[in-house]
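Pasting a structure below so you can have a look.
Should a chain be cited, it is by its letter among A, B, C and D, assigned in written order, with residues numbered from 1 in that chain.
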């Protein structure tokens, strides 16, 4: 019943993008990916097997997953650009998630540096997915800069606080109907991922909520179902909310109209 | 990965109970039930084929579904009791969902009349599922009266407003850990059903949200997935919410520590 | 600009009722009362100077305050009735706030026992203010039992969690327009007291939020203003909420229409 | 009990800034200002009596109010700068509220153009109050550009939707403790103004909520009290929120410990 979707020429089945950070035990990652039924996986370029670094996270990622390297650790556009080029030169493809973070406490994305990095990398042929604070003007600038999709945050990274920015997310969804919007960061529960999809998000990205669960594999499966549920609900067209109640079952007159039942 | 559950001696796969009211076109019901992957279906006794009434909703309900007749239309305990007996006498089994509603605008359940009806019907051997306003004392009285599960409302019937009573639902879930709690009424979106399950509800009951969707069959499938997602998330043990951010990917020192990459 | 109001034959200026429990230092109470500009004060009968008990809280209450003794400590109707009679016999007037609590963790009121106590005490000539869980049927039963006003909770006592029950409070306010509704328990911030008044509450009762503040006298003054603000806003008739924006200032054409300003 | 505050060398009593747009009947403005007890009033430069324009809103503003002209109608930095200079040249002082809006539906501020206008006007000696979307990097850039205070929105202008951006407002308040933060736009109820002040805002700006009330003068008085209440509550230091209940009155043993009262 679910439909595939396309982005940057790739056909994907899943609308759940999964991150690979924060796992105490990385050997669980293949099971998490499988349970998540995900097609796209983000990995910090920092942790990829560049120049013989000891961490070898790539071994934990399924061979058929689409890789979305991210520039975490970049504090400005120039650093993000350099990290992106490193990943490409190392053979990790041309998808890049831009993360530019200059704030140590809330880890919020720097929209302006992100726009600049998007412009440079899109011009170089990268497929660019910028992580951003949901601001309508920044979103439009990212579209103009050549972003393939935008990735606004729901709440600070790793906070598991859900869709705190939902008023702004709704505006982005309403005003940029042709731009895929992938809600990234802050989603802490499958119900919140479903809610983002019901609002019309193209996909969601989840990392901490799975990695911090007591049973990450089970939680990955939960997110897979929730994202599919939210997408289906969006397509199904929810009914409107109402101030008062509306009976599901007929309320009037059952026993009153049928005096022959009175003896029961 | 999902587990079956048992209630009143029946083994069920699904934790989604579906209602049958409010469908403009009842011929769609079998497809809705199938998409919902539900095992339990509620039907107003009023609409059942008693004494040759013209409406024949029973033809639309899968033969293998567990039937949960409801007493909608009852305004007090006595009427609910009579409706329950009618259903049993007509061969519809001994499960009964008690709805006693004396309020025309918000259709709220009358807890005291519901407790009384529960006591009478449980003593007669019915398997009783009372619809209730989430109040801890009423919940305890329903347990004492012999209820098999309790069905507190999330919001007024048909309002699609979600979990407005969630503070009280959390208290019921915490204080009655051995009683199955089925959130009934008000759930308008699959994300809200998932949230109820994440809180620890045993099941949810949905009617209007499916019936009022533009595409009810698709919405039924969405709810099936969302309920399964919420249950899995509950079992997986979600991580805690945090005030500030926590990095998913390593943030420090990538480019700074590796001067040999600086030329990129 | 504020109007007096009447309840049970007394004319009051303030719509803020203040409790006297939980103060580390009771000598601060007269200042708190003054800052709160309150006319009505609740005191646990248990703490009143009955039969020469050592605690002498009555010394801390202004002589002109209307006293609302409460039955805290009562676990059922009979105990509440006895406590009420004790207070009256000791000369503390005929106002009584009924609190019947049989739950040790959330301290929720037992609506049924409260209705019973209300019936007995109202028949004896008491002016009865029952503390209750906001349930429409219980509210109607309290009206029928002779309550002067009803006191539904916003959240569990002492939790400072605000208006968690607001969906039910709105229903009570809509369905019982002639009954004074005093929101009691759970209010933790002046903004929440204001919100309750904006919804149409007749008054609010606050204890923990003031007593647990770092500076209780200042917080009492804050609540006095917030309650007055909320009442005025209710009377002023707030404008409706809107999906999109509406300019406060003219947005179009300023510079465009006035070419003579272009040189600036 | 309330303290004065200083901003840009002016001592103010009130923390409520009032707008002058959207009044059906402008003759009510002096009463609104008086009831609001405000010291600072914003007026669109467009509506000021420049070059003999017919609208003469300045007649409705108290002579002792501090005037905060705003640049509404500006679509970019250059237009905002020109409007600001116009106001100054016409003798309306050097305070300027920068509004740069390039979005017709939600009327959201354009942070980047606003930063640019702030830089130019602050360098020219204006006292600059930029209206902004609450983004931490933009807020820091505004500080660096010379803003006197920042004015983040709570919700789209005129929407009466309250503090939809509160997660970001909290971050700004935490990270910029030395910068006055004035919550502007979206506040629809006095309770919401109080909540903004309780969070630590320096002031709030209100227009639509007063102008769209059925009785604007009364609503202005309500906001005056609510803002003062919120400020006092912030200073008083609210107690913490708790999961479970905490008794306000002693709950244990009253009747049980005193057998001599049993006969009552």
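Keep in mind that, in the parts below, a residue touches a chain if its C-beta (ideal position, glycine included) is under 8 Å from a C-beta of that chain, and two chains touch if they have at least 3 such contacts.
Chain identities (UniProt): A, B, C, D = Thiazole synthase.
Quantities reported herein were computed from a predicted structural model and do not represent experimental measurements.
Centroid analysis (C-alpha atoms only) places D farthest from subunit B.
Because subunit C and subunit D share one sequence, their contact can be compared position by position; here over half of the interface residue numbers appear on both sides. Distance from the subunit A centre to the subunit C centre is 44 Å, each centre being the mean of its Cα atoms. For the pair subunit C and subunit D, the distance between C-alpha centroids works out to 29 Å. Note on chain placement: the centre of subunit A and the centre of subunit D lie 34 Å apart, centres being C-alpha means. Residues of subunit D found to touch two or more other chains are 105-106, 108, 156, 161. Pairwise, the chains that make contact are A-B, A-D, B-C, C-D. Subunit D contributes residues 102-103, 105-106, 108, 110-112, 133, 135-138, 155-156, 161, 164-168, 171, 174-175 to its touches with subunit A in the complex. Those residues of subunit D that touch subunit C in the shared complex are 1, 19, 21-22, 35, 44-47, 51, 70, 72-74, 79, 82-83, 85-86, 89, 99, 101, 105-108, 156-161, 188-192, 194-195, 198, 207-209, 211-216, 218-219, 221-226, 228-233, 235-255, 260-262, 264.
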